[in-house]
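Two complexes, one shared chain (chain A), two partners (chain B, chain C).
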Partner chain A sequence: MYEGAVQDLIDELGRLPGIGPKSAQRIAFHLLQTDPTEARRLADAITRVKATMRFCVQCHNVSQAEHCRICLDPRRDDTLLCVVEEPRDVVAIERTREFRGRYHVLGGAISPIDGIGPDQLHIRELVLRLDAEPVAEVILATNPNVEGEATASYLSRLLATLEVRATRLASGLPVGGDLDYADEVTLGRAFSGRRDVGI
Partner chain B sequence: MPSYRDQGVVLRTYRLGETDRIVHLLTRGRGKVRAVAKGVRRPGSRFGGRLEAYSLVDLQLHEGRNLDVVTQAELLTAHAEVRADYARSAAAAVMVELADQVVQEGEAEPEVLELLLAGLGALAAGPDDPSVFVDAYLLRLAGLVGFPATAAVCAACQAPGPHVFLSVRAGGALCPDCAPAGTRAVDPEVVASLAQLAAIGEWASLPRLAREHPVARRTAAAYARAFVEHHLDRRLRSYEHVPRP
Partner chain C sequence: MLLRRIELTDVRSYDHVSLDLEAGVTLLVGRNAQGKTNLLEAVHRLATGSSHRVAGDAPLVRAGCELGVIRCRLETDDGRERRVELELASGTRRTRTRVDGQQVRRAADALGVLRVVLFAPEDTAIVRGEPSERRRFLDDLLAQRRPAYAAARADYDRALRQRNQLLRDARAGRLPAGGTFTTALEVWTEQVVAAGAQLIAARVAAVRTLAPPTDRFYRELADRPEPVGLVYRSTAGAATATSGADDARVPDPSAIVAGLRDGFVARAEEERARGLTLVGPHRDELELSIGALPARGYASHGEVWSLALALKLATDVLLAEVGDRPVVLLDDVFAELDEVRRERLATACRGFDQVLVTAAVEADVPLAGSRVEVTLDAGVTRLRPREPGPTGVEGAA
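Here is the complex of A and B:
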């Protein structure tokens, strides 16, 4: 235990995701030794993000206003809706410049073992959007891991009952890699997701 | 650092840092093992999809001070069908959650591992209603770790049954002499369903049991959960996410 404010800072940092007690200590002492203006910049950034940012009421992405920029953009395609787990997935897909539709952020993935079921995610809001918006295709872009698969399976059943077309992002071989390095699960998925080329 | 090789089922994983995961395994040789899989979240990682929950893998590990480190992983059975379906995945989540809680590090529990593999195999075969396998698994695992849900003999005095006074606290069915006053007798069909669910052995007949005796099966399911939570003193977080007919 350290004295006063240092220990408080270590405790607060230690509560952040992915930061263990050792890292918390290292960051705290770094901040203690750093230039005051630099430390102030960090403190201001944290205060500002809490004061000015919120979640878009339509897609649940991070936003500066009630609606985010993507939801307000008239050039986006209303018939395509891409469902992702987290705001960072929106950023990753936007970087591809392949997708011109709209998004819906679930706020996580179904994980029964963590007590997270469909009701803890923005799934009810998704159903409401499908009723109100002219969506022709829902693209399920959840992670290709056990939680993301469970979520995609749950949503695909739900969308079938609503008679909405659902597609799932293809999974397969990493571009630039060698085929014989791929593991069986990835290679198997690449096979089942193969598609026609040529005629 | 000494290194070792073992087979095990991936119970669950936690994100660690930018690209790693902590993996909980139920192994043949060492019971529960907690290990780090470095870089596993990067696309193109050498582990790829092998270390996803419910997979049976053959592993090479380095012993660490706190967590072991996975250095090689080979897939033996992926159980990919289980992950691909919400209901089956939720059922498997209950199975691994309980195994994760009852098996200790360094204590091999080969029967628990076999039970888990049988349960995952039953789920992979594609039942319409995976929840009956959850109930069977719970009762069978409770029996393996010392809390058999007996129905054939009185749980208190061992008098031969079948008996119809079910008691979670007593650990099974009680004879009329041992049952506390006011204990409600259940339908003999419920006791029979319970016995069939709890008996270590085949799984294939269970879906038929569930279809043909829906009421008995529902009572047995409620009992199974209460029984496990009482005797193992665990609340099962994933249980209520399993879809039930």
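Here is the complex of A and C:
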């Protein structure tokens, strides 16, 4: 245990994902020794992200306003809706410049081990959107791993009952990989070669 | 494939040794508990991802040391030199793996760069142990044959865990009943079936390939040359059971998928009641028989031993179908055999590209080749390569 504020900082850092006690200690002492303006920049960035960023009420992507920039963009194709697991997947797909439709972020994938079922994801909101928006095709772009495939399968069954056309990105993504890691060329090709997944 | 050089630093009883190897036979001679097996274990760990004796890498690090290093240099059949290096930690740190000098992102990327077949006394468990021992034998073999199998296996394990969790949650009343559960279960069944069918197809093909050479090796090694049977009994149904080489080698995956689906329908209630997945390759069995009797429970010690060795020697055929032939490692095998069978095993060994053999008594091994003396000196193993001389037992061959 260290005195006062240093220990508080170590405790807070240790709560972050992927940071163990040793890393927390190293970062804390790095910050302690660093230039005050640099440390202030980090503190400000954290404060600002909490004060100004939120999740888009329509697509659940990260957003500065109630609606994100993509949802507000009138040049986007309303008939195409791409369903992804996380905001970072939106970034990965946007980089390919292959997709001009809109997005829906689920907030994860179905995983009984982690206690995540359909009700824990933004699936009900997806159904409401399909009712309200002129969507003609839903592209299931969940990750090409076991949980992503199961989620896509669940959604394709659901969409079949709603009589909405569903497609899945063509394979060619690395096995067991995350969408995020897929290089832009592969991901771009996956978009042009997507296939129907009707039940 | 040839193993050209082994280097160990702070591994088991070794502080630092390096050993250069030639094609053909290398005999490691030394009394028991001098460190012969430790050397084979290290090579096996580097090739397959796990020790044949212990779980985890920490026990492989020399007592009192933080890190142990296993380095192998090998030569492929097309003449390329490759290097694999493992840095094992005694603590909780993960093992670092380098292939050709480059750190790999996943440890699985190093599997199968060096290919080995090891036979050790522990392998009799393949014959007399639980069904899981025989499944693991097939899985380890297939993963070494093609890394894609290991990926399918990982997907299957993951999907199986998810499906089991869902069944447990449902049994404990933690899920909304009705449509949601049924759909969720269907979704996970689909994942289990997709990955499971790949595993079963590969295992059936493996069993079909292994059956003839296993039978041949067994007749050469056993006291009574009875026919040996290999049958893959699948929860996917009779469509995948096989014993002979007459069947088409790789089974039709659609038949396996259909078999698995039927199995899930038939056992749906039982699965709900037990909260457990009861159909799939994790419940399949590789049945071994000698003559008319199942090997497990009926075979004598000698028969068990001969069948386990025959299975291991037969794997050379399977591995050689895709890529280079493996390096064969035989740990303390010859002492178990009488003179006639020693000579037969020696004949089989001469057919392999490279064989590393350990023995306590040099005269037990009727094979020409290089000799390395293994001695334990104040807790540290020393290796002393010896030129083959007139005192050797080559004359016996």
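What we mean here is this: the second predicted complex is superposed on the first by the 172 of 199 C-alpha atoms of A that agree within 3 Å, B and C clash if a C-alpha of one lies under 4 Å from a C-alpha of the other, contacts with A are read in each partner's own complex, and residues count from 1 in each chain.
Rule of thumb we're sticking to: a residue touches a chain if its C-beta (ideal position, glycine included) is under 8 Å from a C-beta of that chain, and two chains touch if they have at least 3 such contacts.
These figures come from a predicted structure and were not determined experimentally.
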Partner chain in contact with A:G4 - chain B first, chain C second, else both or neither: neither
A:G18 touches, of chain B and chain C: first, second, both or neither? first
First, second, both or neither for A:E149, with chain B first and chain C second: both
Chain A residues touched by each partner, larger count belonging to chain B or chain C: B
Chain B versus chain C as contact partner of A:P36, first or second or both or neither: neither
Chain B and chain C footprints on chain A, overlapping residues: 110-113, 117, 145-146, 149-150, 153-154, 157, 176
Residues on chain A engaged by chain B in the complex (per definition of touch): 18, 110-115, 117, 144-146, 149-151, 153-154, 157, 174, 176-177, 181-186, 188-189
Chain B residues within the chain A interface of the complex: 12-13, 15-18, 43-44, 46-50, 52-55, 75, 78, 80, 83-86, 89-90, 93-94, 96-97, 237-238, 240-242
In the complex with chain C, residue positions of chain A that touch it: 110-113, 117-119, 145-147, 149-150, 153-154, 157-158, 175-176
In the complex with chain A, residue positions of chain C that touch it: 148, 151, 154-155, 158-159, 161-163, 165-166, 169, 175-176, 180, 183-184, 186-188, 190-191, 194-195
